[in-house]
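One chain, chain A, appears in both complexes that follow, with chain B as partner in the first and chain C in the second.
Now for the complex of A and B:
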């Protein structure tokens, strides 16, 4: 009797979970994979084939953008970590009392605005008629308007800005829990700043470094608004090509193949990151 | 570099300068967006022409010199409609995600069954799938199914065409994971003895759940709901793939922005920021009590 009750409750709780995972995650992704292997011969005849993947490798525009997106995402993630770490360290270890809480909250403020609003803010600052340009002219440092938008630096500024929160918050949480004696012991044993950082602080913070990097990398790789609105003519982003296939060209088969490739890229890099740092997905995300 | 380790003056100075630069970097884009919502000029850029509330309240009537007037946010039907669509979507996403989050939290924190580790990993999966792909896969599966069924039997399944239902489904996919994590983290800290005490005192499991466990979870449920609402409201990548003719706010703003920027966009942006800030403060106020 008791075991049948607990079986029943297990199934009652399991059903919504399974419906969610199967209907919204597993089946749609399997279907996307299936569609990516379809080739449309005429409007109502489909055959199986690798045509979509061949297109990807033969058209240099596709794979160049793919590689570019991957490399720029990795670079953005690295830069975000470098920028966020001293801030997280200050908030977790050096700030005291009220200022600690206030600084931490200040890090969260940009995320009361959506990615679109944040990107829009950067556009107002960086474009030719923007604030930076006006200020530089007012200072007499330049003669005419300067265009600072529509280039890769602008895109990276925007992407780092989008990712910072997801790096700072986990870092602060872990660094806050670190025992100060560990660091002192490191110095007492004759370690310099570099050694203490490398041998004590970084290993301690590793789970949060990995989780921060995974989230920032995923966000950057999958972002659309920032590269589209802030990037120049030749700074295409891979998500843009997926959008183009689906929305402008109605070429679902090609779009699905590009989607599968993006998913493979992100999975491989996340997996590599976990392997290299010796972490597990459960530990860094759950 | 901890408080007990001496640091040089130069180092301290540089560190402080870095901190200041960092927070300026964080605040600047939002600050200028907010300020230009009140500039009395048709384009959000310098010079400053004076303060106006036109970008909120102007009703689009012709001005004295005969030029076409400004239309403020509160008279802009397109944006208001998009705002309402977003609110409806966010409401449903919040409801479904929080309900799923509660059920999943109990499932993973309280029950023991075979394959739990594996299912937990599946639960985390939406976090490592780019939002665009979540949108694309749902579009391909459901919209494709609607097409096939229409072609084979002539039955029109309009719910599965791009539109509000698909947007809600797409957003729930990953927001449910986040709300599960928030609620499960709180449930992990719950002392099961409290619930056992209630059972020993004669409460049925259901009564014990509603009178002991659920009140304990409430702060995290509010937190998860606020987060779900904001994330849904602000989502673009998944939404844009699935939206139909009733465009939500982020997509409508994006379309406007591509036509060119006007201070009305700043007005909307400021309104959104204030809204999110109020919601965040409300939740934090509740949870700190």
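Now for the complex of A and C:
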């Protein structure tokens, strides 16, 4: 009797999670995998084949965008880490009392607005008639309006901004828990700033560095709005192509294949990242 | 004698409060120097000034004759064993010990030899490849020591490193630490609030209170000849008997205790005045339970037994005199008479063993 009650409550607790995983993650992906291997022969006949994957490798526009997206995502992740680390260090170890909470909130507040609003915010700052452009003109540093939008730099700025919080939060948590004496011991035994950072602080923070990087990398790789709105015609993002295949071209088979490839790419890079940094997924996510 | 550490007029203020208040000290080479004081007396602040993590507002620090005030911690010939050891968790025992050698650009082969050598010396041969987390408390302690000693510092600072160990291990480490200090010949500066640690290990002990040194002396002198009432009360067990000073004769002060008995003790401070309040300190082991027969010259007082506290060689009787508790050591041969609560006893002492301070002088 008791065990059946506890089993029932276990199932009730698990249900939302299972529904989520099965209906929204597992089924769509399996369906996408299946569709990606279907080749449409005519309007009502389908056969199995690798046509879509072949298209990807023969059509240079596809795989170039693919590689570009991967490389730029890695670069964005790296940049986010470089920017987030000093911020996290300051919040975790130098700020005291109230200012600590306020700074943490300052990182969090932008995320109360949607990604769309944040992206439009950057557009207001960067566009030809935007704030930065008019300030530069007012200062007399440039003669005419400057267009800072619609290029790769603008895209990376937007992406770094979107990822920053997800890097800062885990870093603050681990750096906060680090014993001040470890740093002091590092200096006491003859280390300089660089040594202490490299040999003591970074190894200590490694699990959260890796977990932050994984989250930011995945967010960046899969982001759609920022590259579409802030990128130019030469800064295509791979997600745009998936969107185009599914929605504009109505070529679900091709779209599914591209989607599967993106999933494979992110999995491979995360796996490589874990291997290189010597971390395990359990340690990083636990 | 050469002094390894010489400080003059060190002051470190936090706001209006001076945590270290005009401290001067001189530690001869190769000695074990302890700074003993209750928590909050400024001893940790002093140690951090020596290590270089903090800067003095006034005064100078000299190590082997070199002025150290503006030398950063990583360039001082000083290493520190932290209270919680601060072993680097991401490194093996060998890498922890090799960290400092690596900073000095010692070649790999030489480094490996010295790591093995120092591990041998602290009694942990062959543990290079273990993780610090796998070791026991006592072993970690030794790794922390080895990590500093391998660098052959002029001065080794120790910040109550035994505090985290359990009692038995602490007793054992105390002895071992003293042996290690002799074996390496390094000058140790050890801070602690545990007077037994300071007494057992040190060549010299400085008793610190409210940012100042009350007394700097070898342990035995500290125990036998405390210079201030604070030292008398803080170092070892002591009985404090309050009364009024009646007379001073031949360096002996005569006091009328609050219960009326007239007793004597050695004059220990210069501020004694007849007619003023005074305090007499007498160790529990200096008190003898006497019958009517009194050795000549002994002082005595009446007391009422509260209870006896059996603790092996340290067994005591708790009595009271005029409302003040008095402890007396019971003879170790079991010859003590049966003392039942409420019975009256006579406690006597040789006045030379008692010390009298003025009571107004804190």
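Couple of notes before you dig in:
Throughout what follows, the second predicted complex is superposed on the first by the 265 of 286 C-alpha atoms of A that agree within 3 Å, B and C clash if a C-alpha of one lies under 4 Å from a C-alpha of the other, contacts with A are read in each partner's own complex, and residues count from 1 in each chain.
As a convention for this text, a contact is a pair of C-beta atoms (placed from the backbone, for glycine too) under 8 Å apart; a residue touches a chain by one contact, two chains touch by 3 or more.
Note that the coordinates shown come from a computational prediction; the quantities given were computed from them, not determined experimentally.
When both complexes are superposed on chain A, chain B and chain C fit side by side without a clash. In the superposition on chain A, A:204 makes contact with chain C only, not with chain B. Ranking chain B and chain C by residues of chain A touched puts B first.
Look at A:20: by the touch rule set out above, it reaches chain B but stays clear of chain C.
In the superposed model, A:256 makes contact with chain B only, not with chain C. Legend: residue contacts after superposition of the two complexes on their common chain; A:187 is shown touching both chain B and chain C. In the superposition on chain A, contact of A:195 is made with chain C only, not with chain B.
In the superposition on chain A, A:179 contacts chain C only, with no contact to chain B. Of the two partner chains placed around the shared chain by superposition, neither chain B nor chain C is touched by A:216. Distance between chain B and chain C in the overlay is 5 Å (nearest C-alpha pair, rounded to whole angstrom). The contact surfaces that chain B and chain C form on chain A in the two complexes overlap at residues 184, 187. If you check the complex, the residues on chain A that touch chain C are 179, 181-182, 184-192, 195, 199-200, 203-204, 206.
By the touch criterion stated above, chain A contacts chain B in their complex at residues 9-10, 13-14, 16-17, 20-21, 24-29, 31-32, 35, 44, 83, 86-87, 89-90, 93-94, 106-110, 112-118, 120-125, 129-131, 134, 161, 164, 180, 183-184, 187, 193, 214-215, 218, 221-225, 229, 239, 242-243, 246-247, 252, 255-256, 259, 262-263, 266-267, 270, 281-282, 285-286. By the touch criterion stated above, chain B contacts chain A in their complex at residues 1-5, 15, 18-19, 22-23, 25-33, 36, 43-47, 99-100, 103-104, 106-107, 111, 113, 117, 119-134, 136-142, 144, 151, 169-170, 172-173, 176, 181, 233-234, 236-237, 240-241, 250, 253-254, 257, 261, 265-266, 269, 272-273, 276-277, 280.
Those residues of chain C whose C-beta lies close enough to touch chain A in the complex are 51-53, 72-75, 78-80, 82-84, 86, 88-91, 99-100, 103-104, 147-148, 151.
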